[in-house]
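Across the two complexes that follow, chain A remains constant while its partner is chain B and subsequently chain C.
Up next, the complex of A and B:
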């Protein structure tokens, strides 16, 4: 019967024109592809659902375990840690979720509870998993591992993190900088001496924030990085000198108001204004004309904050009548100096604008 | 008698920890995950203490504080917030809150402050 069927099919197939044969063949190939595609999608969905279910179960277990560990005085810590380690840290998913949850708790708690979590992290042997992650090679696992080390204050030999200070990925560089900063007891910015890649704006913000909120020691002498090869480090150091009121470095900042790089020049003027160095005006006002618009605007700002109406008038003649951005800034400052003449200044401005003077 | 505490917070981890700790201290803890849910509880029940975040979905912490101060001015309020900005803390005190705790927080310290306010 089967033989007859196959021989019929053979004769039917051989009788078909070649174009039909190709059509059938392609249809079958595409049908197989479509079925496999759907099977893969369904398989991924089922896999993700199972994984999410396991993740949720582990999270719920951890919330109870961590709360009991932290707040229940009758909780037998030693035996419960051993039990948890043996029963609930078997798969890599369980380990990942546990690390993430402990970090999440640590982020929100401080004092004794935070110290207890650090102790628990070590006792569960999670540091070993973090060190494996550190050397895994993918940038996100490395960044995550360094982040966990710095969040929990776990110290590893410096060279293990130093290699990431100049990594190509910003995120990895940023985490390694924060690691050194958060764990430092003194000289928290020593890593800048080993940095050869420019600091991004976000990195500068994070470093400043970590210095303010995590570092407890004496603030570093920021002038030591004024000669750094990277302009972003110089710019950051100039800003920090002002933020930390390091008045003793005013003299060292002065050469930077004549720097060829406008960003550094801008930062130096801004910092000297913050440090209320009034002599600054005698240097920058006569040189007003020789600057870019960015610096000219900053000089006007410096006059507004440190100077008088007389100082402002010295700049007035140096502003071109058609340069509206500078003129508006100038007139705004003039209004601040002469509030009673506000109306007159405004009318004058409108008149000048009308006749394009 | 068990004291009735309303915890208004949207971070599940913080909720669980506060609930666990405050229940261990012998309090009756009611949770509201957002401002709207909190308003519902406040309309139905009088609480001995309210612990609230400032950044909440639907109804902000400040709106809740105004409502509480208008309707049950004697109910002590503790603000639990991530903000360390002086003006935000000052605003909260000007509205009449009794205490301000910044996150990350120490659960033991929080427990002590709650006990102090519950008298």
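Up next, the complex of A and C:
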């Protein structure tokens, strides 16, 4: 019976025109794929729900455990840690959630409690898992591992992280920079000496943030990187000299206001303005014409913050009437210097604008 | 005669088949590329929360430009929502594009505005500005309202570009709902890239039926109407599959007008928004990219797959048709304006991949589909239809369309899983099953009519009525 059925199907199929065969085949493949995707969607939903449920349970358990560990004096730390390790750190999910939750607690605690958490992290053997992640080879597990190490202040031999300072992925580089910075007791930016890949602005923001919020030692002497091969490092150092009010480096900054790289030049002028170096105007105003628009705008800003109306007037003649961006900047500053002539300056500008159109 | 007809039928069938196979392969590749890109994005962002940076003073200031035309019903709430954006330094520039309602009066009253003589220059030509307002209340010091003569959305955005203070601009629809960290996520590509970033775009999500309070999204819900629900699937396909893939090969040609960030100087250098097209968002990005490539400056365009911006999509067939008609005209106009890029190796991925893709698969697809239907009708009249072949072909096309939507749904589940209720999955699957039969023909027809209207010289947006997000019906004409 089955044989007859199959042979009928065979003859029916072989009688079909090729186009129908292809259409049927494609339809079946597409439908099978659609059904498979649907099944995967359902599976993902169930998997994520179960996973979230397990995560929630582990988190609740950890919150109780960590609270008792940190704040309950009667808590038998040794035996409870052993028990937790044996009973609640069996699966990789439990380990991941525990690491994440301890990191989260650590972020919100300082001083003795933070040290206690670091001790707990080691006692639970979580450092071993982090080190496994670190050596796994994929960039995202490496970045995640370095992030955990730096958050908890866990030291590993320098060379293990140094290799990632010049990794091709931004994320890995950023985490290794933050690792050295957060764990440093002095010279937190020493890693810059080993950096050969440019710092992105995003990394610079992170580094500055970490310097301000995590590093407790003496601020580094930023001038040591003014001669760095990477312009992004030079740019960052110039900015930091101003942010950390390192007035003693003003002289060292001066050559940079004539730098060939506009971004460095801009940063140098900006920093010297922040450091309220009034002599700056005597150097940059005469040189106004020889600069790009970016620098000219910054020179005007410097005059606004450090100079007088007389200084501004020295620039006035050097701005072309068609250079609207500079003119607007100039007139805005002029309005600031001469508040009683604000309306007149505005009306005159609008008239000129109308005339030029 | 009979033999000639059958030969013609044979050739036409082959052409349709080849075209269908190429388009399907194109979609297959975008799906694969997107999967890699989403996986990478998730890995990049799963161990660190950038939100701590919101306290940083080192982030560049942003000018948020929001054009408004007859938004009186919600303008006050919309602006209040924008003012609460979580970002260290930003200004909001509302451009009242000659509204005929009381939008301006409401803003003046609510935000204590008064005219201010602000110096500006028309770096990009625009319609006349009547007045610029600033608030006397320090709490709203970062709000600027520009009142100008009506000139359309592109003209309003150009006015904002001329007036705004900062070097990074974010162009948004005034009524869109932004996620808390939307600005931070959108600016990240500008700051974390070796190349110069000229623009970055985010994913737009459908806000219809979602719970919104005080301009913040409280709960994600699936839209109640079929029309809006299909657009949820469409947006998954367009953003999670299409644009993610194009972003991976740096071939993005479109950043949605509802939410995009740009380098102001590059926008001005490129000439600002084109006021002569209804597809000003796509046209601007193509022009910016073209300019950068012609100048041989290394650059890139960023794309963020996180759901950052929620917007209301058309809920009625009529409004939807108008929107798609306009999109088609916008695409055609942009492709025509930049026809020299097509298959031009000088423009690399844009010339050899992106523009041909948009031409053949975005613009041409509905026209070919329409021709196919006419062809089918002719064959039907001549009694030349082989019904078994037709039915199996229809099944193949239908199953592919369904597969494509299910794949997009899979991407959403794998990545962001915004629609939490299990019943939503089944409703979306049901929608995906109905879409090719009920929704798709309407979209195809709108696109065909869009081309027809373009040939007739139609150049308007048309009235876009919206139900409003948790609000009564309002009318908008851009």
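Note that the second predicted complex is superposed on the first by the 307 of 357 C-alpha atoms of A that agree within 3 Å, B and C clash if a C-alpha of one lies under 4 Å from a C-alpha of the other, contacts with A are read in each partner's own complex, and residues count from 1 in each chain.
The working rule: contacts are C-beta pairs under 8 Å (C-beta built on N, C-alpha and C of every residue); 3 or more make two chains touch, one makes a residue touch a chain.
Worth saying up front: this structure is predicted, and the values here are computed from it rather than measured.
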item	value
First, second, both or neither for A:105, with chain B first and chain C second	first
Which superposed partner A:114 touches (first chain B, second chain C, both, neither)	first
First (chain B), second (chain C), both or neither touched by A:279	neither
Touched partner set for A:206, first chain B, second chain C, both or neither	second
Chain B versus chain C as contact partner of A:63, first or second or both or neither	first
Contacts of A:128 with chain B and chain C, given as first, second, both or neither	neither
First, second, both or neither for A:251, with chain B first and chain C second	neither
Chain B versus chain C as contact partner of A:198, first or second or both or neither	second
Residue ranges of chain C touching chain A (in the complex, touch as defined)	13, 17, 43-44, 46-48, 52-53, 55-56, 58-59, 117, 119-121, 123, 188, 190-194, 388-389, 392-393, 395-396, 399-400, 402-403, 406-407, 409-410, 413-414, 417, 422, 425, 429
Residue ranges of chain A in contact with chain C within the complex	17, 19-20, 22-24, 26-27, 30-31, 33-34, 37-38, 40-42, 44-45, 48, 139-140, 143-144, 147-148, 170-171, 175, 198, 200-206, 208-209, 324-325, 327-328, 331-332, 335, 342-343, 346, 349, 353
Residue numbers on chain B that touch chain A, as the complex places them	11, 13-14, 16-17, 20-21, 24, 103-109
Chain B-touching residues of chain A, taken from the complex the two chains share	63, 67-68, 70-72, 101, 104-105, 107-114
